[in-house]
């Protein structure tokens, strides 16, 4: 089974998720700076979520490059990842509207945590399908970055009830860590 | 006529349907757990609908794999299927907002019933186009799963006026039955 | 310049237009049949618009099949067509919400009229690019169906101020005329 | 790394942005011309934004044609461009709703300015990846049109506090300048 439609469908879903988030930026009725002020936290959480979805799209792109074929299990592991990503606009809007209150920030972390787990499952299902000695398996390796992300998210969720800014610093830390593109797969493929 | 654009268009429509459903999860204005409680039935019907659309996408993917070419009739049979799927967000939202009241649950079943019929028509039109001795025709066979699904949906619709939980158990039963991916086509193609 | 991205972009835009129309079906707060009644005209105009966009997608699909390459003029002629199609959800919603009042029905016709003109321009620009002796030019021919559609739309717009049902019968007539797929191009390509 | 998914993802995002802007055309509750009047500025800014996004899609299409492969930096430069384009519906709606008031017009210009900078960065990152002697580098050249656009936008932003019509004339001037398709790349590729 080819991977073409899996990529196309994932591209479509991520493109829509990344774009509908902008609908949360409700157009103000007045034309002054004061009318924009309540939008600042909404805008900031939009930027962070845009970066997160960009990271997932980039990593998905990298991951699928080393993939040769897919099966039914891969399709569902991929849909599972898209499910958690589809909740990003909701937690983004909730966090933004409540000016980084504790509970929305915790839920933001939970969705990121579940998406990270789903990405990990997807990579394992792909390795199981390609074999432990495949280029893909070697390229992913022990996935240290994936595992440490999950730990930092868990810490961020716990700390959201102490100080939501600490949580956001932790979430952003993971984003920065991933912004450095995942060269493992590129390196393996070119070697 | 190639099948590429048919797949791309279907991917696009299903990607949008699956994603706009999340807009029904209205962002609460308060940042506490009580504000999330009314969202629970909306969330549950979102999860079920996400799984249903995932099943249709997966089966569509499997079905189209054995397809060699398409014609005008296939394009319309496919649009007919997409039409019923496009109503899933509406019945999902209506069911979720009314806490599984009888009529919305019945309509939910009607939309699933019509989508199942539309999928059946699509597979028949494809077989008619490829010939009764084609790989596709053999792969689909007598489509027992498709037929039994329609019967269970009809039962679920009738039972919605008795007990809506019974309907949801029946609808979920069909989902579980289909979650086991349709290996018929995969098997035929590889043999 | 290849036609791949032109097709992909058009597929994306039409997929979104056809799907966001369903958002006009506002979810009722009550769970009874009376709550659905005001949605009937909205639903009917949704069905008609879905069929219209389906027709345009199908014809676009047929038209692009005979196309070998595109240029900047083709890209813009295509965007011009997509612009008018993008207004279909607006006129659909306006017509449905006002129970087929004269002005919305007239505007519905105007948008269909402009889309038909835009489609005609696109086919002419494509012929100019491929040459008068190309397979494409022969396949499209004098485009009788395209021209008669424009005339019927104009008649429907004029009649909307007399009787909106007459307009809808005329608009539906064009739809039925086009539902019979455009076999000209298929025939030319296979000969 | 192939450019296929980069194109597909960008097509998806631009298709969605261009289409969701039409949702700002709120359906009026009355069926008369007076009900349409407040929509005129919204419609005009929709038309202008549609043309702008069409220009970006066309230029993106032209730019990517000369591209052979992409890397992680290109993916992010592209996402950066899509980020600014995703804000077009917001500034379009704000400008339209406030009848071309000074601040929204200035913000409209800022978003266009940032998108132009992002497009410039994308073209530089692509040149850096392909080498200074590549067809791509020669095709883009010193990018006079790109640089002059940025200057005109800056002027338009400044003038929005004097006369918003002057700003709109300047923004439209850039649009007209770009509507003449970028033949540089086409010329280079065919030579």
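Lettered A, B, C and D in written order, each chain numbered from 1.
We adopt the following convention: a residue touches a chain if its C-beta (ideal position, glycine included) is under 8 Å from a C-beta of that chain, and two chains touch if they have at least 3 such contacts.
Note that this is a predicted model, so its numbers are computed, not measured.
Rotation relating chain A to chain B, from a C-alpha superposition: 90°, rounded in steps of 5. Homomeric contact chain B/chain C is classed as different-residue, with under half of its interface positions used by both copies.
Separation between the centroids of chain B and chain C, computed from CA atoms only, is 26 Å.
Chain centres here are Cα means. That of chain A falls 37 Å from that of chain C. Within chain A, contacts with two or more other chains are made by residues 8, 12, 15-16, 20, 23. Only residues 1, 5, 8-9, 12-13, 15-17, 20, 23-24, 71-73, 75-76, 79, 82-83, 86-87, 89-90, 93-94, 97-98, 101-104 of chain C touch chain D when the two sit together in their complex. Of all residues in chain B, those touching chain A in their complex are 7-8, 11-12, 14-16, 18-20, 22-23, 25, 27-33, 47, 50, 54, 57-58, 61, 64-65, 179, 181, 183, 186.
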